[in-house]
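The structures come next, written out as structure tokens.
Each of the next two complexes has chain A plus one more chain, namely chain B in the first and chain C in the second.
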Partner chain A sequence: MTTVETQLFQTEQEELISGSEAIAIACALADVDVITAYPIRPYDTVMQYVSKLKADGVFDCDFIVAESEHSQFEIVKHASAVGARTFCGSSGVGWFYAFEAITVTAGLRMPVVAMVGNRALDDPGAFGTEHNDALAVRDLGWMLYWVATAQEALDIALLSWRVAEDPRVLLPMAISCDGSFLTHSQAIVNVPTSEQVRKFLPPYDRGKLQLHPDNPITIAPQVNEDWLMEIRRQSDEAMHRSVAVIEEAYADFKKTFNRGDPSAFIEEYMTEDAEILIVGMGTLALPVRVAIRRMREAGKKVGFVRIKFFRPFPTEELQRVLGGVKAVCVIDRDYSFGSPSFAGVLFHELRSTLYPLEKRPLMLNFIAGLGGREIHTNDVNHMVDIVQKAIDTGKIEQEATWIGVRE
Partner chain B sequence: MSTVAVEVVYRGIFQKSLARNIVRNIVFAARKDGKIGTAFGRYGDSPERNGIPAKQFAVVADNAEELEETLAQYEPTEVDVTINVDDTLCKGVESWAWYGLQPINQLTKPGGTLIVTSRQDADSLIRDMHQKDSPIGLSILKSTVSFSGLWVYKDDHTDVRVLGNLCNVCPQLVSLKSMLETIREQTGSETKVASAQKAYDTATIRQVEPGEGNPEIPYSFVLPGWKEMQEGVVIKAIEAGGGFRGGEGGYQPVRNEVFKKYSTRSMRPVINFETCIKCTLCWLQCPDTCFDVTPDGLYDANMESCCGCGVCEAVCPVPDCVTMVGEAEFEDNNSQWEMWQKDKEGYNSWMTLLVDKQKSETRTHGFHHVGGYAEEIANTEEVS
Partner chain C sequence: MTTVTQDLPPVKGVKNIPLEEQFTSGHRTCQGCESALVMRLMIKAAGPRTIVLGSTGCMYVANTTYYSTPWVVPWMHTQLGSSGSAATGTAAGLASMMRKGKMKQEPINVIAFCGDGGGADMGLSAISATLQHEEYNLLILMYDNESYANTDIQVSGSSPWGANSTFSPPGTLHRIMNRRWKKNTAGMLAVGHPQVRYIATGCASYATDMMNKVRKALSIGGPTFIHTLDPCPKGWDYDPMYSHELGMLAVQTGIWVQYEVEDGKVTLNGPSKMLAKGKKRLPVEEYLKRQGRFAHFTKEDIAYYQSQIDVMWEKWWIPGVIPPSPEDD
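Then we have the complex of A and B:
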């Protein structure tokens, strides 16, 4: 193992890096043209490493530290319009401060790739992870992915540009990384060569949509009700098309880099013959997998489905996997106050997903790990006990339960 | 199953790079042994504050699944080795993430080892450490405590010496061979490899038995449930203060009862009450409002509240009236003014002794940093 600076990208190598650092390296591998930044924890770990790579001379890009998150996202939007490959990101309320720019980026079909270092929304000021920040773009035309390991962060960043910039898609993509667990812990990561990445990732070509003196166009004129629905329908179609593009790109990814899951959209763990399936996103996969291994040893038929792509949502795959089980145990590291079940966002998405099935499993929701509170294996056992009780009695006493909250 | 966990307890910012070097090199070396590992800092400690105690961890396992088993509990509840790179933290660890006071050996598992970089002897370190009900080993790495700053790193070999020592006291973690190779690769310095080897060769362990150490129960607090908490993210203000220690004269602010700052400081001010001109500057400038105004108009630094920043010393216009002295010199947090009241002569000679000793000591804190390293490196070598 060597330091990143000396031999980066010539040969495949191992690095001891965080998820944020992995994404910064992906930026260098993908030869991103314009990166904008504005510090907020925990996302700032990406910009620190990008500036280090740039200062060390291993990566050349326009690195612009803006005066706010709003400008940061505006700048990459414009850069993307002229044909630059772009990257930016933020966390928590910083992400929200950029929201006007975030919505127009999707509306204008700019394939910006952003990292969201998941952080609780203020107030109260808190640094720990919560998924509500990234989830806020779920209705806007952003593709949205939840990462569980530093390796996956690097891999999915590479996939993001490939999918987002595909002429059939041209939608922005956000990579969600749990603050602390991914952004601040260093794990062993395999870093591919520039050569491999070049083979996988073609140059960004906006074609006739590129803003250039040789291609005089106007972008984003004001429209009224006689235009808007058609424009929205186009975005809807692009999101539809993204599903096949993701499948195609992921298959190619696995061939090029020799790693990856069977599905681009979900990860299945011990789902075969499972009677109870736990569903969740991000790094909570780790304690959940460990808890399941122990439960399996005790003869309990429990499995886990990690949702990777939240947008586009893997409806059919989830219907196939979750359809036959007795109960689905949804863990939300988020909340949706006043929602139909006073429960989490993921829970409602899944209930909507499973509603058309003839045989619907019992569904229970657990709000856990807010603000970065750890979800322990004991918490997972506790959830499964509650679910088992519902199965045994055929009755759900409470749809959403808060786990680990001090009563 | 074989998973080995190590924690490094250090002073935020001043020793961040030091701690990082230690945990990263552990994982690099483990990799050479065909194992897998991870390194991380305690998220609640960051962004780090100057001198505030913080922790980083390295966890090494035989394979990915075993590593996962350990990391399912993200912040380890016990470690095989605790490495304390500032001996004053033997008194306990209060991170700004507000966990209360954690004994330095709290996570050290029964039969585990506590490595301390120090010039103190075992007895005085053990006096500072809280008692445990199981034995652990204490391994003192003779060394001047290594402090640097945010943008600079004091390259005084403390990191590699700790790693050499570690390979001796915890052979199941990584092999010395892999560690030396790692140090060679990462630093390109044969001198550092030799330093690590020497620390390995000279490492010693002294058993600390149950019942040895500070018998005090560390202060703790209970967090309220959501129904007991005020809504609207509102907390009640601490009431205004009153007279000195409940008396008529003077003034003492009321302080947070559950947030002491005993171990957040590595130095504390010692006051010469005879030469104080009552100018109020220390009292005004102290960022932690730690000075109590005595009935006779003097200023008594309250050790529940002092974080050891040294501003008082910096602003005091009288030479040697306020002197920052290393925490290792103190065994309690008692009032200096009360001690002086009781026995002025005794206090003055105690104070003079401390002040003189401080002048010949190399211990520094955040305010004393610029340029002081050259002599300190020589000093470290001499000690080692």
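Then we have the complex of A and C:
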């Protein structure tokens, strides 16, 4: 490997950087081979940093500015087939513009790693965060992770290549980052050394799946009803296997870098004796934790579960944590119009997670923070009040409530 | 250029065409399919150290049935509008890994093909972008059977004026449903990407010429483009035994112009060169009347068609390549 080593990666360092910059640095640390960019806010800041790192010789990659998101994702898909480590990303409608490429990337089991800077699917015009863009891949065979801090963004990027490229998995992975709140907000991040990363992250080796004249295979022939079902089943099995691979990689991550949560899949906050558990994803963790601290001071038994991996979905862990409580308060930064409860995507996933339990908690849903609107601690209090009322009366008046909407 | 290209000298005469097949039995294209012949000649010319990427279309669907692929070389499907991106991604992956010492350094041909629907319509912007990347050695070959053939023959931006297709059937009120004139794809790409070292048109009826164009495109360096005209018995509605003849007629009537643009220099070649020098063109009717897709044409339609071909040869700056003619003096 002839990566240009710089001062930056020879000793562990603390840097004041944004989530986007943290992922750009992860690209350099992982010695990514092909990176494709196309401008759309807010994800594209990652590509601004990547291009600068390349320009300054911090690392060597083929950095291609594509003419559309569709091409952006197609280029890395094909680079991945010949054995190159890849990275790309998008936001909102850009992610949707690439959707054909995104779905075949998963169908072909190409371990592309992508960042989604969560953004509203405008029209009408909106740059702010909303989770529907990334959630749209939930059925396709992409692993999907929501980060909450810049440090986590860097760490999970490194984990992503390790898990995605593992021969037992070979599935693409998307790292979801709330627009602005994460992509553009700076925090202190511990940047590991290249040496540490090399220990944790082996080179990408496609083995007998590599498209090369020495290995003249045919990728994606016409299979039709003769074989498609078997091939879909293989993707399903790969997603099943990814759970153990994630656990293994996360344990190794914690050993190598000396940080991390007890679980790779969820983060628990004051859950032990909680009667009400709030569940959500991404940066809304911050106001929720603050609100919970204050409620705890007032004697209210409230806790929080942050779902990190949305795919594979941590069903058993969530059953264990949420199973015993009185009520579950799900915050969705997304919508699913016309869905069973006219509620959010996460809410429905959780309800189906908890359905098999003998003792099911009450479940209420709150649609909040769409289009990047801030979720304040007061909003969280308001949600918990509604949940408490449902517990007291034993009656749910309304399953899904939109928070802070002008009527 | 990050890697050197393969040394692929021109084939001198039919007898020197390599015997080895890289596109063999197993495909299920129609009898008389010229696009299948283009595939066979293309990969014969390129040889075994080649990766081929194929866009959706007849040359994917009819060619790569699981367990009976005809491709001896490594082959991968790409999306309908992605021939350009497939070529870029493959070439970039190889270049990056070779430069960083992750893969053995060697020149590997990268060819992405697409149909006229995939190339001239949907994939045009990706092809254009790919042609801007001088650092990657690759060839995009657009096989033009003048319709979206695989989905049951629908009109594309590369279909001829007036042609009958399942989206442009002649009717009692509208005899001519396709009022668009065929897009000038190779010319447009040559004019729009002057840094590209090689862009050519070809036709499998002139097999060695076509193969040598592929060889030049792969060895000259950087991104290159070839556009072939492929008679399609199903879509054009004629007896499969006439494919070869129809290709020749397209050239001899002047409807299809054979040329190369190499390092900014345009050369008309083969019969097209003779036509430019004044050899008489055959009337377009000779070509049109052989195909069912033009069976509804009236005398006026044929005269209109002829007039447009005459304009191309008499008024264009370079026939078949650059339309705007300089001010008449």
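Rule of thumb we're sticking to: the second predicted complex is superposed on the first by the 401 of 407 C-alpha atoms of A that agree within 3 Å, B and C clash if a C-alpha of one lies under 4 Å from a C-alpha of the other, contacts with A are read in each partner's own complex, and residues count from 1 in each chain.
We adopt the following convention: a contact is a pair of C-beta atoms (placed from the backbone, for glycine too) under 8 Å apart; a residue touches a chain by one contact, two chains touch by 3 or more.
Every value quoted in this text rests on a predicted model; they were computed, and no experiment measured them.
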Identify the partner contact of A:Arg232: answer first if only chain B is touched, second if only chain C is, both if each is, neither if none is. neither
Is A:Ala66 contacted by the first partner chain B, the second partner chain C, both or neither? second
Based on the superposed arrangement, let me know which partner A:Leu16 touches: chain B (first), chain C (second), both, or neither? first
Chain B versus chain C as contact partner of A:Asp31, first or second or both or neither: second
Mind working out whether A:His240 is in touch with chain B, chain C, both or neither, as first, second, both or neither? neither
First (chain B), second (chain C), both or neither touched by A:Val223: second
Tell me which touches more residues of chain A here: chain C or chain B. C
Residues of chain A that lie at the interface with chain B and also at the interface with chain C: 1-3
So, in the complex, the side of chain C touching chain A is made of residues 48-51, 53, 60-61, 64-67, 69, 71-79, 81-82, 84-90, 92-97, 99-103, 108, 125-126, 128-129, 133
Chain C-touching residues of chain A, taken from the complex the two chains share: 1-3, 31, 33-34, 60-62, 64, 66-68, 70-71, 74-84, 86, 100-101, 104, 203, 211-213, 215-223, 226-227
Flag every residue of chain B that touches chain A in the complex, lowest number first. 24, 27-28, 31, 36-41, 43, 46-47, 68-69, 71-75, 185-186, 223-227, 233
State the interface residues of chain A toward chain B in the complex, per the touch definition above. 1-3, 14, 16, 41-42, 123-124, 127-128, 179-181, 184-188, 286-287, 289-291, 372, 374, 376-377, 405-407
